[in-house]
Amino acid sequence: MSDKIFKSFLLVSALMLLLIFAGIFFSLSKGAIPAFREFGFFGFIFSGEWNSRTGAEEYGALAFISGTLLTSVLALVFCLPFSLPVSFFVGEYYRGKKIAAVLGGIVDLLAGIPSIVYGLWGFYALRPLIQSLGLSEQGFGMLTSSLVLAIMIIPYASSLSAEFIRMVPQELKEGAYSLGATRAEVIRNIILPGSFSGIFSAYILALGRAIGETMAVTMLIGNTNRIPHGLMDTGNTMASIIANQFGEADGLKLSSLIAIGLLLFLITAIVNFLGRLMIKRYSI
Amino acid sequence: MENLTKTPILSLKELSVSYTPGKYAVNKVSANIYEGLITSVMGPSGCGKSTLIRAINRMHELYPDIRISGSIELRGQDLLQINPSEVRRMAGMVFQRPNPFPTMSIYDNVLAGYKLIGIKQSRQEKDELVETSLKSVGLWDEVKDSLSKRGSFLSGGQQQRLCIARALALKPDILLMDEPTSALDPIATNLIEELLVKLKKEVTIVIVTHNMSQAARISDYSMFMYLGELVEYDKTEIMFTNPSDKRTEEYLTGKFG
Amino acid sequence: MSSLKYRLFKNKLLSLSVIVLSALTAVPLVLIIGKVFLQGWRQINWDFFTETTPSTLDALLAINNNQPIPGGIANGIVGTLMMVLIASAIAIPIGVMSGIYLSENRKTRFSSVVRFLTDLLQGTPSIILGIIAYLWVVIPLKSYSALAGSVALAIMMLPLIVRSTEETMNLLPVSLKEAGLALGSPYSSVVLKVLLPSAFGGVFTGILLSISRVIGETAPLMLTALGATAIQWDVSKPASAVSLLIWEFYNDPNLQSMIWSASLFLLLLVLSLNILAKQLAKKWRI
């Protein structure tokens, strides 16, 4: 075929990516308009109501935005004490050795486990544990979901961080060692400061992953529609409320769910954008 | 050359270093390095000269597959038997490419040897140490108004002098230099060579160089290494004018490099 | 003044902590796979793969009579297979061609935008893509369908395929393209017959990885494919999927025991695809 036709095929394909993204934004916005018109844009975002009583429906996103933020940030906090050591194990201590590849492989497998399997494990193995510890009667809630979320994001946080740790130039490390520093001192004074922005962006991206997670959270968060105030409170996240109620929703409720979808889309886009921006700035 | 009083400060005894069993990068090297002098280590690529000085400050331990035997005595103490961290404070090192720490200011870079291991000093102690060290490398006037800035704006030669100051701040007995001017322009090289001749009274210098004329210019004693062996070790003047070993002569006359 | 002993102690403490905490991260993997395996392997037999899911009534009767629950997940397997195939048919051509475009037009403003948006697309939660497929396919067709599910999965697969194609193509030496063009071949032939085959390894592993990513997805399918009790091949009708079945079993008190066998199947499928992709990548030195 002629060069021109082929090249336009290529262009069209690339264009489709653009169109899909734009289409997502457009369709979500369109579907959300009825809800925003009814409750006001900021009114919707900041309302903690979620009430389907006929004739007096009132919906708002605040309960779910809070749920999402709480579980995701908690997940980050819980995963840090494990994912950071893993990145140093793989990127510094045993760098290039077989054991690092093995650990890296194991942690990677964690990323491959489907979300629903995590949810099942959380439900059947973790929940009874939380119950027996007396922390919560039913075992659902922010804590349980965050714990499982934390496990799910460990691979994302650790593998990207390990890359940045590896990127610290050997000559800087040698310079520090030649002054008599121990490995711990080299890590603290040279490697960490040198890879910090990269590691930070890795965790931002991991946060983005946690924010969008659906199945595991849906199965563990308790499915109540109120703003969570405590660790053991049940609730819902933006993703889980959609998963729970989309199937039977219509009219204003459907529009509200789509509006929540739009907000979720925007939040993950912004988080991902920030994370990647930091990486780009750092690599230059 | 003035009359040299030779006090050995560093004694290498049958020092051998190998990366793979049986293959020696440094093969049974024995020599005395004399205090207050500049000793150069020369030889073609792969002769073991870098491996030799990196063995002295135990840098090879960063790469665990390396095997070492023999002894390295500094004022009677075997450096291979004490903790590497201590060894490195007695034998400082300057590398081929200047490597000031990019996240630290010039001031902190000079003090890095103390900061890294958590030694607390008073503000006055620190100020004095920084000034003394930078003055001893001739950098003080050039940077005294920018001490709190990061060192990235400095030229290559200035950065290398900063690294020398950083090593000197620890007041080591020996300064090991691994081709310190090979990445620098001729003017910077010249400055540093002059600096080293001045510094040798304060700190014994062992300098690896692939630049024969540099060795001839600044060193008092020279070692010639080939394939891991110490082929010849003598006063520079003698070695360059009347080498004992044929291989030395061939290297110096450019028959191989 | 920090003594040497204290510093060496801190050093040792740090390395021990790193080792212990790293080893602990392997624990959840073992626990999860272990649980799924132990509870799931007993239910797996020939019927598991060939029979469709039992109704909740049949299951109840079997439980009351102390018999193993009849049936299997054949409808789910077929549904998953069908939707992944269609999703691949959509995503592979678009993804590979886009990847080629981005690689061939590396520095343009347009390419940066597309690359950026593709990255954002990759980070988009799967449930959102489920909503999109609902809006774009379910509503117009006025029915839940396998096609809708496939569309959601296809959008999920796209970014991975685009990126791996682009990266692999970038690694090819320029001389390869130049040699082809110098022989007078048209651009399309050079790309399709010289560059792409050389990039095959990376592209293929990218495809495998994207498939392993979508095979286990549940959320988007809940809004699009909905589920089905029988094996059916009509893409315009609702379809089952292994992941959807697990969700159904989870919600049905009589079908609890099937949860684990279905999960075991899904887990093995996903993990082996994952491992296969990584081994191939290593073998082909990507």
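Letters A, B and C mark the chains in the order given here, with residues in each chain numbered from 1 onward.
The rule is short, and it goes like this: contacts are C-beta pairs under 8 Å (C-beta built on N, C-alpha and C of every residue); 3 or more make two chains touch, one makes a residue touch a chain.
Remember, it's a predicted structure, so these values are computed and weren't measured experimentally.
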(request) Go ahead and name the chain pair joined by the largest number of contacting C-beta pairs. (result) A-C
(message) By mean C-alpha position, what chain is farthest away from subunit C?
(response) B
(message) Suppose every chain is reduced to the average of its Cα atoms; which one is closest to the average of all protein Cα atoms?
(response) A
(message) From the mean C-alpha coordinate of subunit A to that of subunit B, what's the distance rounded to whole Å?
(response) 50
(request) Measure off the straight-line distance from the CA centroid of subunit B to the CA centroid of subunit C, and report it in whole Å. (result) 56
(message) As a quick test, compute the distance in whole Å between the mean CA positions of subunit A and subunit C.
(response) 17
(request) Please list all residues of subunit A that touch 2 or more other chains. (result) 182, 185
(request) Could you tell me which residues belong to subunit C and also touch two or more other chains? (result) 7-8
(message) Counting only residues that touch at least two other chains, what does the list for subunit B look like?
(response) 85-86, 117-118
(message) Could you list, by residue number, the parts of subunit B that touch subunit A in their complex?
(response) 57, 59, 62, 85-86, 88-89, 92-93, 95, 97, 99-103, 112-113, 115-118, 163, 166-167, 170
(request) State the interface residues of subunit A toward subunit B in the complex, per the touch definition above. (result) 169, 171-182, 185-186, 189-190, 193-194
(request) Write out the stretch or stretches of subunit A touching subunit C in their complex. (result) 1-3, 5-7, 9-18, 20-21, 23-24, 27-28, 31, 81-83, 85-86, 88-89, 93, 103, 105-110, 112-118, 120-121, 123-125, 151, 154, 158, 182-185, 187, 205, 208-209, 211-215, 218-219, 239, 242-243, 246-247, 257-258, 261, 264-265, 268-269, 271-273, 276
(request) Note which residues of subunit C are touching subunit B in the complex, please. (result) 1-2, 4, 7-8
(request) Going by the contact rule at the top, pick out the subunit C residues touching subunit A in the complex. (result) 7-8, 10-11, 13-15, 17-19, 21-22, 24-26, 28-29, 31-33, 35-36, 93-95, 97-98, 100-102, 104, 110-111, 113-114, 116-121, 123-132, 134-136, 155, 158, 162, 186-188, 191, 212, 215-219, 222-223, 243, 246-247, 250, 259, 263, 266-267, 270-271, 274-275, 278
